[in-house]
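Read through the structures below before going on.
First chain A sits with chain B, and in the next complex the same chain sits with chain C.
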Partner chain A sequence: MSTKSVRSWMPPIPRPLERLFNSVPLLTYDANELPARAQSSTASDIPTLYVFSTEEDARKGLPSFNPKCLKWQTFLKLSKIPFNIIPSTNHASPTSQLPFLLPARKPSPTASKPPGGIEPIPSSKLEDWVLSQKQKDQASPEKQDEKFHPRQEAYQSLLDVPLRNSWLYTLYLDPTNSNLVEKLYIHPSSSSLWIRATLRHQLRRAAESAILTTTHSVSSGGPLKGFAHGVVHPDEIYRSAKEALEALAYELSIDNRGAEGNTGWFFGATEPGLFDAEVFAYVYLMVRFFSRPESAEGEKESGEEETKLWLGDLVRQAGNGELVGHMNRILELTWPDLVVRDA
Partner chain B sequence: MLELYVWGPAFGLPSIDAECLGTIAYFTETLDETEYQLIQSSPSAVPTHHLPALHDPARNTWTSGFSAITAHIQSRNAQQQYRYSKKVQADSTAYKAFLTDQATPLISLSLYVSSANWAATTRPAYSKILPFPLPWTEPTAIRAAMSARAADLKLSSLDTDAEAEKAEAAAKADPSWVHVPESIKKSMAQRRKNAVREKLTPEERSRIRLEGVTAEVLDVLVGALASKEEDEKEVYGKEEDSDELPEETTTLEFRCLAFGYLALMLLPEVPRPWLREIMEAKYPGLCDFAREFAGGRYGILGTGHSTERKLPWAEVKNTKSEGLSTTARQGHTLSGVLTRYVQGLVRIIPLVGEEGSRWWTQRRAGAVRTPTTTESQALVAMRKANKDLVWMTTGGLSLAGITAGLFYLYQGLLPFGAPVQTWRAPVSIGLTGLGAAGAMFAGVDDHLI
Partner chain C sequence: MAGSLPLDGSNADYEAIPDPMAPLLDNYLLTPYTLRSIEVHGATQTRRGLLDHVLNPIIEESAKGPTTLGELRARLTQASNKLSRFDIFQPDRILVSVVDQGQPGPQSAIPELDVSISVWEQSRLLLRGGTDFGNAEGSAYTRAIFRNIFGGAETLAIDASAGTRTRSAYNATFSTPLNGNPDVRLAVDALRSSTRKPWASHEEHLTGGNFRLGWQTKAGDDHSLAYSGVWRQLTNLAAGASPAVRDDAGDSLKSSVTHTFIRDRRDRSGPLRQSGYILRTESELAGWGPLKGDVSFLKSELHLNGATPLTLPGVSVGGGFRVGILYPLGFGFSLPGRGIRPSRINDRFLLGGPTDVRGFQIGGLGPRDGQDAVGGDVFAAGGVNMLLPVPRTGPSSPFRIQVFANGGRLVAFKNKGKAKEEGVSSTLDSRTVLDGMKSAVGELVSGLPSLSAGVGLVYAHHIARFELNFSLPLVARSGEEVRKGLQVGVGINFL
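This part shows the complex of A and B:
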């Protein structure tokens, strides 16, 4: 018998247990088809974007609290494509990443045709989809002058590394913001104490390893692979975030177009693009969640308070407030009610 | 005197790591040799767990990472700070972020993921710069981490070891019950070898992808480093040699960092030099930049050039070396190296090792001063870490106890219905054991006693 050939240090399995295992064959069933009503409740006549959001915000179409989701939400709004918002989680996404978009149901004459013809679009392909929609709408498909901008590529890295890391650190790893994480991500997911604790742990670890892999050339996270551990240095994260925000603010303030002057958008574009949407997503969320509370400012000016850095303040202080101006310009185009008016 | 901890020299360059290389270049440019010392190290020896790391013994602070260190040096020599226009500063910030974000995966593909290059060049280089038992633990960890950086590029086929392992696992998991003997399989494979594809190395097979990936990164750098050709005539350069310098359209920090990355792409002698071939064919400007920076003007490279500078390496092994703080020597004594080795081993233990090493690194990092934390904060962190230690030990011990208990319980379970059963005749000692004869004398022993 096979058990005899393998000499193992493990004691033999007791017979009753072995019989039990033998009588339970491993068999994986195919996934069930979605019930027909699922299609009608998810697909609609206009596209649906699945994002991190609360039920109420989603109904009103308010901004998502996740930078990546907000980026695409803003981009779709700027592209003037009507869409619905449904609050969701990573587990619902086919690529296990939010956001993803479910295109509009096709008005097909064969209503009896079984549903399932609509493929969800992951965020990596959303830009192409938006461009194709735009070209469909306009009779004359104007080709976007997709010129290669080395500077734009470089500035993109500013968003991907320092700004993203500062966001991840502040939200997930800074213990003073743990209430916010609970409220935004953990409580809506589950009511079970155990699941919440696991989720909290996973989120923190994921954020930590994301920061470490981008800042350190040598370190990694993840089970079994995590040989070399690094340490997250908050000073360094905030310092590079400040530097990045200064650079972005400066890029906004100069006029790249020469004769036409400053357009108010990045890289002298005539209308806001994807890069603007992404900057807006970070800037808006930092100002919204991590601004110094008004009341505390007057009362507590003790040394303890001073050491805490507020990302929202970094945004306001960068350059001459160009980033807040940029944020408000985008808000006026997308959510005019939310424009921040402060000194 | 400042202490700069870096990865040791390799490939004829002062360091094997791009950021360390950039930092060394920056130090040779801005500081005098007497102001700092270079200490060959590895991340496990410094409390920040990241190289390059700068220890300022005067203030007892630790700084790690290229841009943090350059910022620290700038704050020391404040007059150098405003040499550049805002535009140059903003652009250079962006390009520096771009380098760390995008150029690292390229180096990782060339030196770490590619099995041939790793085995022939990179691993021997690490073995040379690490003290004895450490080459057993650390290089593999670094390779795993670097491969993770390049995972997004989806070019793991360069790692032929991993590919072979994967194929083996797939063959094992193959549910087909027609079992083809190994010998037949081999001859079949031999016949298939005639195909062109089989004759190519993985690097040659994915050459087009590699060229695309390289171009994405280097095109941007060409734009950054060659922007001197644009007619921006503002001069922000240093006065002393601005006549031969091109107009400074990038900051010194960016150029140093770019040198670090480009040199590691270009200069190592690897058996599969696809990256160098692509660079030499398409980006001669970048090659010139890296070579000039390394050999000619800056003389960092050990080329025997007349302007070559001697780098102030510290002799760590010599325990009597002067001017080195105790922390510098701590990680490099025999016991220090052994501790690092054991830590490396602990990390590999599944489940427990992960958390254990995480805790350990954080404990060490929390106990040192960074420029913004105070002594008291470090002390608080230390105390918290100590409390964690108690919890971890208790938890670990009880877990081990429970596991051992369960194991013995399981082992003690009777193998129900064992196929062989033995009966033994009761063994009785004394006269009754002798059968009938014994019975005859049964009464005797009563009298004897």
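This part shows the complex of A and C:
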């Protein structure tokens, strides 16, 4: 490597010198061992998905608490690809966003050699990667990608805007959930109050601007007008989320009854796909984190604070509970221990 | 009769010069006098309090009774040396003159003296721009120095720089002498920087500050004790960054106390420093007890460099030795069972490079994950060299031919396979840490160190030292990045 860079600005290396270069080092020992922190992550011989999670959850492979990470974690599980998860931060990602996947390392030719480098796969290319892995295993062409349903695009926008905004608002901007943000995102980053305060501020700002940019871009005539002044309106977010959830529940119900058969998956697919994984990610996390606690229900009747968004309740109320049913069907396939029975 | 005896404050070696008139002078210096007054001229921006700190001892001594001219002269030399070390007056222009009134004062029969000290203050604002050479880095900087801000020799220095490795760095330092003593300074420092670390596929952003107390002992050794709090952010990873680097990406706060000791006994007559030695130690305690923060360790380093001239002019042999250890500690206020966390990449040592162990790339020695130098927790490195004058230019030129051999080992703390069984387990108990460190230290001396040898040309300039070497690696570990052939080194401290 070094000889190459010399060659670029100097005449070619004379033969005797090249022979000399090739003969050194005279003695080569085995590679140095890696530091303790790096040993666990580099020892793995299966792919690693970097997600927002806690150390303990990651060790057990439990669902991530971040919708985007959970979407891909679920999709990989549904695709029956073995993988580890590692709790991480956006800084570790090639796209500055989690999740991303680090494929398994090819075993180095000799044990004495240090492991080689590997390129990470950002979430935007994960679907292709999963398909390529499946094809490798089954040696039969996969038909899933051809079955892109015409309605999917419209429904995708429901996930991208109203559902995402309601998640962002509820978690990051609703002050009653600030403890949850602290626990999930801020405390694991650093024990320093100064860093935590800065991160808290950055997260809130990022959530706010994410909501405002999406509502701006669709505000021309869409159902979301009224956002155009750079102010986040919780009532609007709440209403749009409710509509989106109703629409998703309806889509599930027609597919359940419809001519395409009672598959229980979106758009009558025979197997749950990426869209199912994404809906599941939101639905599961909304039910898990934002369900109205049983005991608090009495107090809520008195109507003291109506701004609080109980997204989990919206999920349960949508349609005839199709979304919770869908969530449980996915859980049966992925984390059977976590199926919600009471619903 | 009025006599005037100029004393040049900056020339401390005055007495060393043999003087044929010495007996006469000695006699003169033993004459008793009383001090009547001291006047300081030209210190218009400087606070009276600062000057009092320096001059009061002289007045107090004189108040006790008559002194000799010799004693007074010694005290004045000391005082003017002190004044020049404040770095607020123009050096070599501190003039002390003593005027003998030639007649006894009203109270006694002893003649009286008047002392007058003339100084020229340096300009209060200094703006500078230029290029800097650090170890293996070139950068351009602008610097503003505000001297003597409140008249007490306080300095505020503001730097902004950008360079080959440093994307940007801003730094502001306010320092003030304590108790009017130029040898004891208290400094407050704020910094923000972002630096590329191509040897480990990332960028590090730092934001923080420190308090530093620096003092010089009578023997001329420098000490400093600093508390620093720095927010480190490891980010912007390269596409091929290894899992070891990805694991350490993100935020951490280092809160630490550092003691630094420097004893520089090198020959100051030329930039080549071909005789004498320099010893530097640094000990850092981070995160332990009330310090908190996200990392907790004890990190110690020792650098020793020395050279001795041979009988032939311009020829010297020299050697360098460096060792360091990073020992992870438990957190003072940690919850029980939280344990000890192994070191992070931004705390570990790197070894190798043109100013360090030559014949290896920067960070070329030690553990590597893929293309990344991930650093180690224990290291030892040493080198020997011989400097010879370049034919025709002679020993007085700043050029030398260098013949050298150097080597080192950089080893990571080992967690004997325990982590692998438990999956992602990030904490250790103190027993495991001790065993791991013992085996790492043992590893240092197992087998030969990674070695290289070569010849080169050295150009010593008072700002930096330049080296062009041709070297070949002799011993290496698999995966260590050797550098065969030519290597350029620019820096201040070489191994």
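In this section, the second predicted complex is superposed on the first by the 255 of 343 C-alpha atoms of A that agree within 3 Å, B and C clash if a C-alpha of one lies under 4 Å from a C-alpha of the other, contacts with A are read in each partner's own complex, and residues count from 1 in each chain.
Assume contacts are C-beta pairs under 8 Å (C-beta built on N, C-alpha and C of every residue); 3 or more make two chains touch, one makes a residue touch a chain.
The structure displayed is predicted, hence computed values, not measured ones.
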| item | value |
| --- | --- |
| Which superposed partner A:48 touches (first chain B, second chain C, both, neither) | second |
| Contacts of A:27 with chain B and chain C, given as first, second, both or neither | second |
| First (chain B), second (chain C), both or neither touched by A:189 | second |
| Chain C contact footprint on chain A (complex, rising order) | 1-3, 6, 13, 17, 20-21, 24-43, 48, 50, 55, 58-59, 84, 86-89, 91-94, 102, 112-120, 189-192, 194-195, 198-199 |
| Complex contacts: residues of chain C adjacent to chain A | 229, 231, 233-237, 239-244, 246-253, 255, 292-294, 341-345, 348, 361, 366-371, 374-377, 410-415, 419-420, 422-426, 428, 436, 447-448, 450, 472-486 |
| Interfacial residue positions of chain A with respect to chain B in the complex | 11-12, 14-16, 148, 150-151, 153-158, 160-162, 213-220, 222-231, 233, 235-236, 239-240, 243-244, 246-248, 250-251, 254, 307 |
| For the chain B and chain A complex, residues of the former touching the latter | 17-19, 43, 48-51, 64-65, 67-68, 71, 86-87, 89-91, 93-95, 97-98, 100-102, 104, 138, 140-142, 144-146, 148-149, 219-224, 344, 347-348, 350, 354, 357-358, 361-362, 365, 370-373, 410-411, 413-418 |
